[in-house]
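Next, two complexes with chain A in common: one pairs it with chain B, the other with chain C.
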Partner chain A sequence: MAKEIHVRIKRQAGPDAKSYWEEFKMPYESGHNCVSVLMYLREHPVNAKGEKVEPVVWESNCMEEVCGACAMIVNGTPRQACAALIDELQQPIVLEPLTKFPIVRDLQVDRQAMFDALLAVKAWVPIDGTQDIHRHAPLISPKEQDIRYLFSRCMSCGCCLEVCPQYRKDARFIGPAALGQVRLHNSHPTGGFFKEDRLHVLMEPGGIADCGNAQNCVKICPKDIPLTSAIGELGRQTTIQWLRDLFVK
Partner chain B sequence: MDVSKPAPSLLDKNHFALRRVHSLLGIVPIGLFLVNHMLANSTAFLGASHFNHHIGLIHDLPWLLWIEVLFIFLPLAFHGILGVVIALEARYNQNRYPYMDNWRYTLQRVTAYITIAFIAVHMLHYRFAHWFGIAANYGDAHHAAGGFYGFTIEGFQSGLLGLPTWVWIVIYAIGLAAAVYHFCNGIVTFCITWGIVIGDESRKRLSLAAGALGVLMLVWGVVSIYALATVDPETITDDSVETHTAYVIEAPPGSS
Partner chain C sequence: MAKQPIAVIGGGLGGLWATLRIVEDGFPVNLFSLFPVKRSHSCCAQGGINAVLDIKGQDDSVWQHIVDTIKGGDYLADQPPIKSLCEGAPGLIRTFDRMGVTFSRTPEGIMDQRLFGGVKNRRTCFAGATTGQQLLYAVDEQVRAHEAKGMVTKYEFWDFLSLVLDDEGDCRGLTAMDLNSMEVRAFPAGAVVLATGGLALTYGRSTMSSNSTGAPASQVYQQGAKFANGEFIQFHPTGIPGHDKNRLMSEACRGEGGRIWVPKKAGDTRDPLEIPEKERFYFLEEWYPAYGNTVPRDVASREVCRVVRHMGLGIGGKDLVYLDLTHLPRDFLETRLGGILEMYRTFVGEDPCERPMAIFPATHYSMGGLWVDFEKDERTGAMASVSPKNHATSIPGLYACGECDFAYHGANRLGANSLLSASFSGRVAGDAAVAYVKNFAKGGQELSESDYESERKRQDGINRTIIASDGNENTFALHHETGDLMRELVFVERSNDGLDRSLDELAKLKERSRNISLDDKGSWANQSLAWARQVQDMIVLAEVIAKCARQRDECRGSHYKAEFELKIPEGKFEGDPEYDEYKAQWKTNNDKWLKHTIVTHSEDGPQIEYKPVDTSILAPEKPRDYR
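The block that comes next holds the complex of A and B.
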């Protein structure tokens, strides 16, 4: 086992600064993950050449792969840094920020575009009253609950956008994450009230028609969300909506 | 996604419809035309008279130019132009993420470019060559030695652009392979786009079926090209070709 942990980090002092690579070495301890290594480097901000440097900036919260904050590219693969265990990674471990979002600093990116997309598609279930409406919650079959659960696990980490050849900063495509949430919320008895609104947003430029069927999203998703099935399902829903718009309105 | 855009352009307003029409045109009429075209080519196996008769029937269709323009040229132009616009959006990453489906995505666009180039060559070769004075008048192809069959063989063997027959065969085989891949993979993306096929299992089954169809069409097309390119034009005499009676169709009166 290696006596030290060797990390190579792509750094950038600010949104418009030039990026550069910096290497770090720390004593080996078992059980480390990429976030705990970054925590160590924050306490010991000394690079491999022994120079004291600005600590590396990154984001993280939950440390159990459910919050999505620490998404970054680890050895070429977009994933959650907290779930990337050092003992399972080839060294030197290369850490890069996600490339599809504006960089704030070092490994921290601004994923506002993801939240804008969720707003655009109304990715929520509207409440049906602020007072007691004397009704039970609407029923959902256990089978559908199981499928919906998969989509509910999306943590907006952005890995699917990172690998999508159709998604980029300056393009209009809304990206697979938001499509999964449309699938989720359209299938909810109350959330379905917004179904037509959501589908109409998906029929605008940057909507579902901009998916290129590369299917990378479903392969990289750390939560195994069936994104391509969502896209197929929404293809069907928008087809029906389109025909309805053409022939019923 | 920009949600605070001012008045959308006409193209933006019809974005979804344009993309869906693009998707549909790839299957109907373009895909159907491809299959029909390959079927016509393969009548060469039944002999010159069958080939000539079959192509003659097509040429005798009423409003042929309108059929050509409305059901071939315009759909091809629409599918091709919007297709290039779509393909230019791609930021290929199959080297970084070498999943098979990602390669299929990239190949779908690469074969699109190859097919566009090939169709241009093919149409100049057999449809518009007379414009440039480098081939017999297309309209007079009936009257070429050996009829349409002779006209087709001549196209491969005349050393057009100084290229020997085998180079033309290779060009056509590449063009055929690109068109067949684009069509068969396009069947899959068509089914995903329209929501005909949704789940992973169904998509896998469809991909296998489309792959099998692709192999079949490729073999079918290559042997047709070979058959049409390698016959000795001197040996073509329309009536000397032996035919199985089961396939004989009475030639229309007045044709020879």
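The block that comes next holds the complex of A and C.
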């Protein structure tokens, strides 16, 4: 068993600074994950050369793989760092920030684009206020419910965008995460009232036609969200919408 | 004239509900959060949310929910707000349902309900095993709809620093720090709603998210807001100890049939699967035949500690007991507990369907928090539906909701009541803040620029002092030490000796927290600086918790001091003379201790006074008895 934990971290002091690699070593203990390692290192910010350095900056919160904050590239794979157990990783463990988003500092990136996308596609169910209207939502079958639940667990971590060849800083593609949310909300009995609006967004440049069908998103999603079936379904929905726009004015 | 915005601090369930209510009333909201609100700690709540829908033919009633909540909290919560909470729950659930929450369904397509701890009826709505996440996302989406209309401005990656108070002590705005540029800014606000969640990071490792420091609550407490019932901290009986946090196994495990046991023989080193049934000690089932493994959390935590620390029966002599699901069918478990089983597999690397889990109590929830008021509706006996007094702190214009307030849960919170109280109190606080602004004589007027600027400068000065400080303490190590201290001396079992010691130690830690040296002195995304401020605030809260605990010489809910325990005489019930004597002692103790601890900040540390509890709905006539 390893006597120490050896980590290589890609660092960058700010958005416009030059990136560099820094190595760290710490005593081995079982049960560590990548975030608990970063926590140890910020308390003991000394690199492998024995130099005192500024603590590494990263984002994390829930530590249970439900909040989406700590997504980064661990040994070449984008994933939640809190769920990346040291005992299951090859050393030296290489940590890099996600590459599809602007760097804030070190491992922290700015994923505002993901939330902007949710806004653009109206990823919500329209309700007439939060007051009690003494009625529930329309009935939803357990079967449809089970499918919806798969999509509603998307935590906007950005892993699917990281591996999508079409999602680039210089391109407009909205990306699989937002498409999954369109699938989710279109399938709700009242969420579907915005279906047309959402589909029209997806029929514009940067919409569904930009998907290159690489299918990387569905493989990387930490929540196993069936993103490609959502995209397939939305492809059909947009086609029907296109025809409807053509003939029903 | 444009309406002055109301500020909401914190974007979990409480903050987002408050936001929705405020914008629905036509007031713009400035919403501040340490991170994108979608990542708030509410997403960690797994099990469910209580509301009486009575869909299981059990004659469940709102009255029973009220009684369970009052008794679960050992009578230490004001009862009119509890009545409103339970009466409001079904409507709140209907609204969540309309928002599209993916609640688990019955075969006919209505919301399903499950059993939870401390309750005999199936009253808990759930969405797989990620109920909190699903509820949070629903309100996040609704807030985004208002953001699209320009009614909500989000300040994400901003840290709340302080309130801006006028000469009369009224809250007129706040200061906050951009966590990237480290710029400090002052924001005028008609009212401020604090929805900043729990404080469990004062215990170092806990079940909470790594940002749940309680620092904003500590900050406003230091600016004059009263804090209440700090000694009441819930320790979740089924935590999984870890380096970074203590992850928790939801109470749903017990609700769905999970059994807690230890080997009967101390120091038994056999694999759990090789220990035959008759050599296992199912202590909760034996000691509490009526409730068995679903006793309330405080009882479960204490009994786990008893079995481990006093009877020496912890697994392999360690602070661990088994939580066993292996007797239940895999399909059933996957359907009912899928998400949390997945979590255990991910973080421990074992399958809980095959092997019993090893667990121990973990710091989980603060029943105490900022003191908040309510207006009683004399006609109904509940809280008035809209009033500027509801959820108002002792600072005019400052409201608090969610875990950072002290309402509803008394001395102990029932499972699945926290998502309910977070949402409900957010709704109430949002309405109250609007009512305040509409009725407030100074409403709509800002203070002069220089009043905001002076507070901004003061906060900026604190940053400069910390950056310039050249002491020998490490802020991260100090947090570690504070947590270790709290988990040793201010934990499930408390003693006055231990608490005295903790107060001495905390005084030293407080001193040391001013003598730090940051390893990062930069001015861009300096997480060490933000953390150093939060650690100072956490130590202040730790002192409040320890002092409140030291002063309360009794056992109530989660607060337990063995030397003051009133034991139910074994095998005796109502009518037996021994039991009647116990009941008389219990009443005498209530006369002395059934009161809120109210804490005021001073330079000499926390000043404590007591305030009566409103028990107008269910007077404490009978002790809790879960046998």
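Just so it is clear, the second predicted complex is superposed on the first by the 242 of 249 C-alpha atoms of A that agree within 3 Å, B and C clash if a C-alpha of one lies under 4 Å from a C-alpha of the other, contacts with A are read in each partner's own complex, and residues count from 1 in each chain.
Here, contacts are C-beta pairs under 8 Å (C-beta built on N, C-alpha and C of every residue); 3 or more make two chains touch, one makes a residue touch a chain.
This structure is a prediction, so every number in the text was calculated from the model and none was measured.
Chain B and chain C, once both complexes are superposed via chain A, fit side by side. In the superposed three-chain arrangement, the CA centre of chain A forms the vertex of an angle with the CA centres of chain B and chain C, and that angle is 160 degrees when rounded to a multiple of 10. Applying the stated contact rule after C-alpha superposition, one finds that A:155 touches chain C and leaves chain B untouched. When both complexes are overlaid on chain A, the residue A:207 reaches chain B alone and has no touch with chain C.
Measured by the number of chain A residues touched, the leading partner among chain B and chain C is C. In the superposition on chain A, A:173 makes contact with chain B only, while chain C stays out of contact range. After overlaying the two complexes on the shared chain, residue contacts for A:48 are found with neither chain B nor chain C. When the two structures are aligned on the shared chain, A:219 is found in touch with chain B, with no touch to chain C.
With chain A used as the common frame, the shortest Cα distance separating chain B from chain C works out to 12 Å.
In the superposition on chain A, the residues of chain A touched by chain B in one structure and by chain C in the other are 119.
Put simply, chain A touches chain B in their complex at residues 76, 113, 116-117, 119-120, 163, 165-166, 168, 171-174, 203-207, 209-210, 212-216, 218-220, 226, 228-229, 231-240, 242.
Residues 17, 20-21, 24, 35-36, 38-41, 43-44, 90-92, 94-95, 97-100, 102-111, 127-128, 130, 133-134, 137-138, 141-142, 144-145, 147-148, 180, 209-211, 242-245, 247, 339, 343, 346-347, 349, 427, 474, 476-477, 480, 519-520, 522, 524-525, 527-528 of chain C are the ones that touch chain A when the two sit in their complex.
Against chain C, in their complex, chain A makes its touches with residues 13-14, 29, 31-33, 35-36, 39-40, 42-43, 45, 52-55, 57, 59-69, 82-83, 85, 87-88, 104-105, 108, 111-112, 115, 118-119, 122-127, 129-137, 139-142, 145, 148-149, 152-153, 155-156, 185, 188, 190-191. Contact residues on chain B toward chain A in their complex (touch as defined above): 1-3, 8, 12, 15-17, 19-20, 86, 89-93, 96-97, 99, 101-102, 104-106, 188-189, 192-200, 203.
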